[in-house]
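Next come two complexes built around chain A: one with chain B, the other with chain C.
Moving on, here comes the complex of A and B:
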């Protein structure tokens, strides 16, 4: 082979397998879903036999009490877990950013909850929340306190606690990495000028970490909308609709109620939301890069 | 070992906080581990957390369909965990390997070549990176059952049925290949995007040198570039395997009795009112073992993968 073989076809040969698979199993299904969301679609029909109903599915959903409930549960869940996880995760990172023995072991143990199957996480928490045999209620009884109906009256809170347990380490590890890559000179200068620990955190560390924190926050927010298995195993969306997040509602609409058109419309709403968040993140990082380049240029010109 | 004096001395309260954090993060996992060795009687009565006779009965019940002996306490093998475990393994391994090969080639093309359609492909990949399995549920269910079928009469149809098994008709739904296809497609955008940030760092001069020596494009890629991005490949492999191994929703829509994966089996056995906690926890523990092993032995790669994700957005 000679260097002539690096011809114009090469990139296409490298790209082709991925492009073909994504076209067949990702983009075509997504288009198919958009198409199906405008139709009255029953699982026993193939899509071409269905009837075109325009925006009916979308409009029906807007007026649907259960769907609106599900949207509000989803937003509450995602908002609460992200805010709580950001506070705890960043706080822990600031506290544990010290030169101590066994830091890598600590990080390893912290990753564990994220790696284990959501189905298993749901299973363990469902057991811990068990009204009589669960570990929480046993502790409460031993302390002489009344039992709490974790997965009944406080189902949404319990689900949120489980998610915080599983995903706070994600934010912790990313903010720790950000902290440890901060320029030492700025921190040294502040220390010499006599800044207290708090002043260093508020005026130097947090502003310098901000870009990473914003991206982390968006990544976590996007993931929070995808949570499904943990809640499915813990509560199956109940009691009532109290923990039925959108992903769960979609799967129930499709599999139990057999309203594929409506489920497709619902998926489209969720997809739009996630696209906006993703593109927001993309724009932010592009803007960040552009700004960094400009700063560099200015520095070079001055230097 | 590092010398003690390199580390800062901390006060005891700090170590107490550390101990509490470690307890909180691995406590539930330990609970799962311990309970999987208890009989249901011990789990429910729970007089004391740690004093009990450990037993492997739960594991025997769970794995009854692939055990070489017949445990005394089982009359009928209800939970066919062994088969599901093998299905999970096949599906996760094949989809991970294929995603990596296909993904790193695409990432290489996107980083190193200027070609027509590069921008749209790169943008589309980025935009669908966040598609959740729940969104794919409806179309995948519809397509895999109705459109992605091969006529029974053709040779290819019969061949697919013989090789992959299935429900008798030869649609993608119900076959392992069908599940693998969704997983590859679902993971590709993420893998392409994360590997791009590793390929960018490979010095061009190395590739040029190989080219001058007469290597073709595929030789350059497989012999020069791939060995240099091993850390990135490891990170991508772990994340892909994790998703394919743990995923429930799409597998549950596509699998039939013979191609069921472990998460489906766990969900099916927890949704009943009366749960056999011991057995289901043993199943959960078995499902958790591969991720635990990865975490203990490759935590550095996992952290690299996660931070590359956030810092290089």
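Moving on, here comes the complex of A and C:
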């Protein structure tokens, strides 16, 4: 081999270990799952012993009341938390984007929930929601108000609150970064043009932050669809199916109901949903880049 | 259009005072230029006037109404920024009409106004473009258009031309001068470029180190600078400074330097006598030295030409006079050879003397 062609191969050689690990760790389980979803598969069988059933698992799921309930819970959960987190996170960022003494400490405090392990978050909130000893009900009793059955009648709301507490900081820090990179002079120009604080937010800040906000929102949505640990620790999906999100349903189908094929099919439905979201995000960033390129071209031409 | 008065304006950042006791009155419809090197406090002064920076001490009056605590929007001003500060997500028309839309003016009125201003500035065909799709000069024009559409009483300009290339800058400067004739408003203009200051201003305010050094018409400042800084800052090429010793011979005063001994005109001789100092700095503008081989010793300097910069009709000669470097402006057809020592007559009215320590003009 000539030294020149060897040189050309060098980068691929360096990338090979990572590529191989990636293939084994990512594509092998993925293909295994897709393959398994077309088969009737009990955990006691190895995959080669299983029977091919075509789309039966997928079709069965479409008619399955519990699966449909789980999808609806997942959509309600993801939709509610992302909307609430966007509002609170962006709102906080708009409020805290200023130079006040001690602001850096405050910002750090805001980010703390995101750094705690999800299992710990689940446990902490479970204790706080405890019907008699939890801090919320103790407060309510002290104020002379009736207790709330947090993890019973209002389980979905309670897990939503916990998720908002944990993940709002994510949106907060990204929005704050976006805000602080806005062109200062454009905001000053708006002040001189007569914009009040609200008008600056609506007409200048939010439109200029939009690209960051859209990507942040999609990232959070993708994450919210995959949530598992916090809910598993807090409610285990109950009571009934009221907080059984898809990830939990999948793990129960595989472990309790011993229907690996069905669980695989369910995972693929979730995967499809996430792919649509990811593609949406991808298209959006591509569109943005294309637009930026076009603008640059115009600028260069007129130079 | 209001008369603006700055009264004892002070700006501090923490313990550091960057502007010291600025007193300044701008008459109605005056074009005032704040000029000085970077860090002299000119932009801070403008930003305090705009309401973008908080006044630490002192007061700003518009027609005797104190405004230093008002929001920018309540001060009736429009501003053009150095980086244009256009709203990147709005097209040209919406950029220009933003202030009027916020005031909830009727749509027809806004359209009419925008089209009128766009016509003046030659922006009509770009009204639907976003700022990102415009060249630097066009963006500058949109920024100007946004200020004009506002129809405010006072216009503020913060180094509006410094992001443009030399040719475009000259062109925009001329357009600004034209606009100035059409729009009778107060204009306050900040620049570090003394050519912009000299060509545009009714009143120039030279600032340095957070102090106003001198204010007046361009001609006053050019002919009668109050100190060495103003003398050296205005005028291009800059004024020559040389160390001189005063000598009195009979009735006459002479400034003796390294290789020359020049008779001082009567008014300067009187002042020099009153000061009673003998070591001074003498300033002569390059245009006040004329090539004249026949000039008498007491009115001339002998300079050795080391570099000749051809500019066109004029040439700038960089010469040596003893150890000092002296620049001279001559007509290009003047017969000059490099390395030659030539005699230049000093125009007596052009001579300035400065105290060596305080740098104040005598």
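Please note the rule applied: the second predicted complex is superposed on the first by the 292 of 303 C-alpha atoms of A that agree within 3 Å, B and C clash if a C-alpha of one lies under 4 Å from a C-alpha of the other, contacts with A are read in each partner's own complex, and residues count from 1 in each chain.
By our rule, a residue touches a chain if its C-beta (ideal position, glycine included) is under 8 Å from a C-beta of that chain, and two chains touch if they have at least 3 such contacts.
All figures in this text were calculated on a predicted structure; none of them were measured in a lab.
Peer 1: Applying the document's definition of touch, where does A:295 land relative to chain B and chain C: first, second, both, or neither?
Peer 2: After superposition on chain A, A:295 lies in contact with chain C alone.
Peer 1: First (chain B), second (chain C), both or neither: which does A:147 touch?
Peer 2: Neither partner.
Peer 1: Between chain B and chain C, whom does A:258 touch in the aligned arrangement: first, second, both, or neither?
Peer 2: Touch status of A:258: no partner.
Peer 1: Once chain A of both complexes is superposed, is A:68 in touch with chain B (first), chain C (second), both, or neither?
Peer 2: Neither partner.
Peer 1: Answer with first, second, both or neither: which of chain B and chain C does A:133 touch in the superposed model?
Peer 2: A:133 contacts chain B only, not chain C.
Peer 1: See if chain A has more residues touched by chain B or by chain C, and give me that chain.
Peer 2: Of chain B and chain C, more residues of chain A lie in contact with B.
Peer 1: Looking at the overlay, does A:165 come into contact with chain B only (first), chain C only (second), both, or neither?
Peer 2: first
Peer 1: Would you tell me the residues on chain A in contact with chain B in one complex that are also in contact with chain C in the other?
Peer 2: none
Peer 1: Write out the stretch or stretches of chain B touching chain A in their complex.
Peer 2: My answer: residues 2, 4, 6-8, 10, 17-18, 21-22, 24-26, 28-29, 31-32, 35, 43-44, 46, 101-103, 105-106, 108-110, 112-113, 115, 118, 121, 124-143, 146-147, 181-182, 184-186, 188-189, 192, 211-212, 214-217, 219, 221, 242, 245-246, 248-249, 253, 263, 266-267, 270-271, 277, 280-281, 284, 287-288, 291-292, 294-296, 299-300, 302-303, 306-307, 309-313.
Peer 1: Flag every residue of chain C that touches chain A in the complex, lowest number first.
Peer 2: Its residues touching chain A are 50-52, 71-73, 77-79, 81-89, 98-99, 102-103, 130, 132-135, 138, 146, 150.
Peer 1: Help me check something: in the complex, which residues belonging to chain A touch chain C?
Peer 2: 183, 185-186, 188-196, 199, 203-204, 207-208, 295, 298-299, 302-303
Peer 1: Which of the residues in chain A come into contact with chain B in the complex?
Peer 2: Contacts found on chain A: 1-3, 5-6, 8, 10-15, 17-19, 21-22, 24-30, 32-33, 36, 41, 43, 46-47, 92, 95-96, 98-101, 104, 106-113, 115-128, 133, 135, 138, 165, 169-170, 173-174, 177-178, 212, 215-216, 219, 222, 225-226, 228-229, 232-233, 236, 246-248, 250-251, 254-255, 260, 263-264, 267, 270-271, 274-275, 277-279, 281-282, 284-285, 288.
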